[in-house]
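Note that the chains are named A, B and C in the order they appear, and that numbering of residues resets to 1 at the start of each chain.
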């Protein structure tokens, strides 16, 4: 096997993780996911905004690896990220599980630098309901320098 | 005869909210009456009581972090709810059973408002004394409404449980 | 409220380590918004604790708090904590199988060996005299072994103490408990609440984060101790009979029994 050619320019070693905190019991009882969904990412230092709202704006660059996962407020209640709908020219998220578990996360690589915010849609499975829940509010990927919404 | 009969209302809140029903195994009623209750562990519990006894209902959640409270207990009148199986007593058409008038439940919704203005059903104690005028051998069905968290889908009810004077 | 209060504290560990502060890097949640908690998902959560008492003045429902820490950008807490150890063993097993396969036929290429070395990952040392983590292989945020000190999955933040006014005034009695629930590795902080004195009571959570640093060509875990604050709002109301609105009465049965 030939030695590997030059390494590409270094990227941050960790993905930009986007975490959805969900109160599944409140969402089921109220049929309102927007008020019971809190989004965060690990890119606050780069200027992400909208922390703690369903309209998180995540600052990303071409080549960044993104990782979406979920934390339920009631740790014994089933919650999973069912789908991510985003312009496939920007990113094509794929569903994965933590090895040896059935706990889902999604990853994608940012294919190009963004010229404007790119909203996307998350949907979730809650409890034992087979139809996914989708919040009305939409999070977005933004380029460095774009102003997102202020966090509450 | 025991002075008090406890009825435990055991709820799988996530199951009930997901299925939008207290059936499908999401609700189980159990009592400690020594007088021969029927259908223990089901939503069709018929609790055997005698006048003067205190009956108390207590909600319990299967998952310790999900809220389950009793929203209302309304004794049904005028609504003939068919028994869930042939075992129920007394036999239908018993001549001792008088015809009975159609009435809406007589009780106003209990006030569960706490001092900070929020509803808190944990403030309510669901207990009462079995009255002397209760007719023996006839199940007095009641609507048991449960509140699971808060919102338009949070209140679910069943009409199948009953008290029966032995 | 008759259910237990779960208070989840989500830490932006990377930012907290960078700024050496939990200010702005801590997000608090409980499941009591519908009963009056405010500041969900922010650093300014006020957790409602709606106390109840009987007419004789004694406390009715016992209120229990549980604190559950989580790291943003890490393997989520729904993945059992023993998962990390299991993944590590699975990696070692596969590597050993590959080593055995290599040994068979003559020359072993240096590429193969270095590939396996990478696979084995790196095993950081514990900081001398430090408290905390046992030596374990590094995993990245997707649960794979990593040799990069910059890619490791942040270990779960560890609550080391809960202090402050709510504790000194004996409103809560926090302690660490063992639990059969493997979601939190068998340990969690919990407290019962004395709800007889309504008011707002702040408390301080002491948290240990862990940072991996290169020292003399070795990876060493260093603990970083930080604090953050939240508060409890205690209310207290008398229990009342649901049928009468006051004391015990006769059950409101209809005058005539229902027809069959």
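A few notes on this one:
As a working rule, a residue touches a chain if its C-beta (ideal position, glycine included) is under 8 Å from a C-beta of that chain, and two chains touch if they have at least 3 such contacts.
Bear in mind that the values here come from a model prediction, so they are computed numbers and not experimental data.
Here C is the chain whose Cα centre lies closest to the centre of all protein Cα atoms. Comparing the chain pairs B-C and A-B, the larger number of C-beta pairs in contact belongs to B-C. Averaged C-alpha coordinates give centres for chain A and chain C that are 21 Å from one another. Taking each chain's centre as the average of its CA atoms, chain B and chain C sit 38 Å apart.
Centroids of chain A and chain B (each the mean of its C-alpha atoms) stand 44 Å apart. Of all residues in chain C, those that touch two or more other chains are 6, 31, 34.
In chain B, the residues that touch at least two other chains are 65-67, 149-151. Contacts with at least two other chains are made by residues 25-26, 74-76 of chain A. Chain contact summary for the complex, chain B toward chain C: residues 54-55, 59, 61, 64-70, 73, 75-81, 83, 90-94, 97-101, 103, 105-107, 110-111, 114-118, 120, 122-131, 133-135, 138-141, 149-151, 163.
Taken in their complex, chain A has these residues touching chain B: 24-26, 28-32, 74-78, 126-129. Of all the residues in chain C, the ones that touch chain B in their complex are 1-6, 31, 34-36, 48, 50, 52, 61, 66, 198, 233, 235-245, 248-260. Within the complex, the chain A residues that touch chain C are 1, 3, 12-15, 17, 19, 21, 23, 25-26, 38, 40-42, 44-45, 51-52, 67, 69-76, 96, 98-101, 103, 105, 107, 152. Those residues of chain B lying in contact with chain A across their complex are 13-15, 17-19, 63, 65-67, 148-154.
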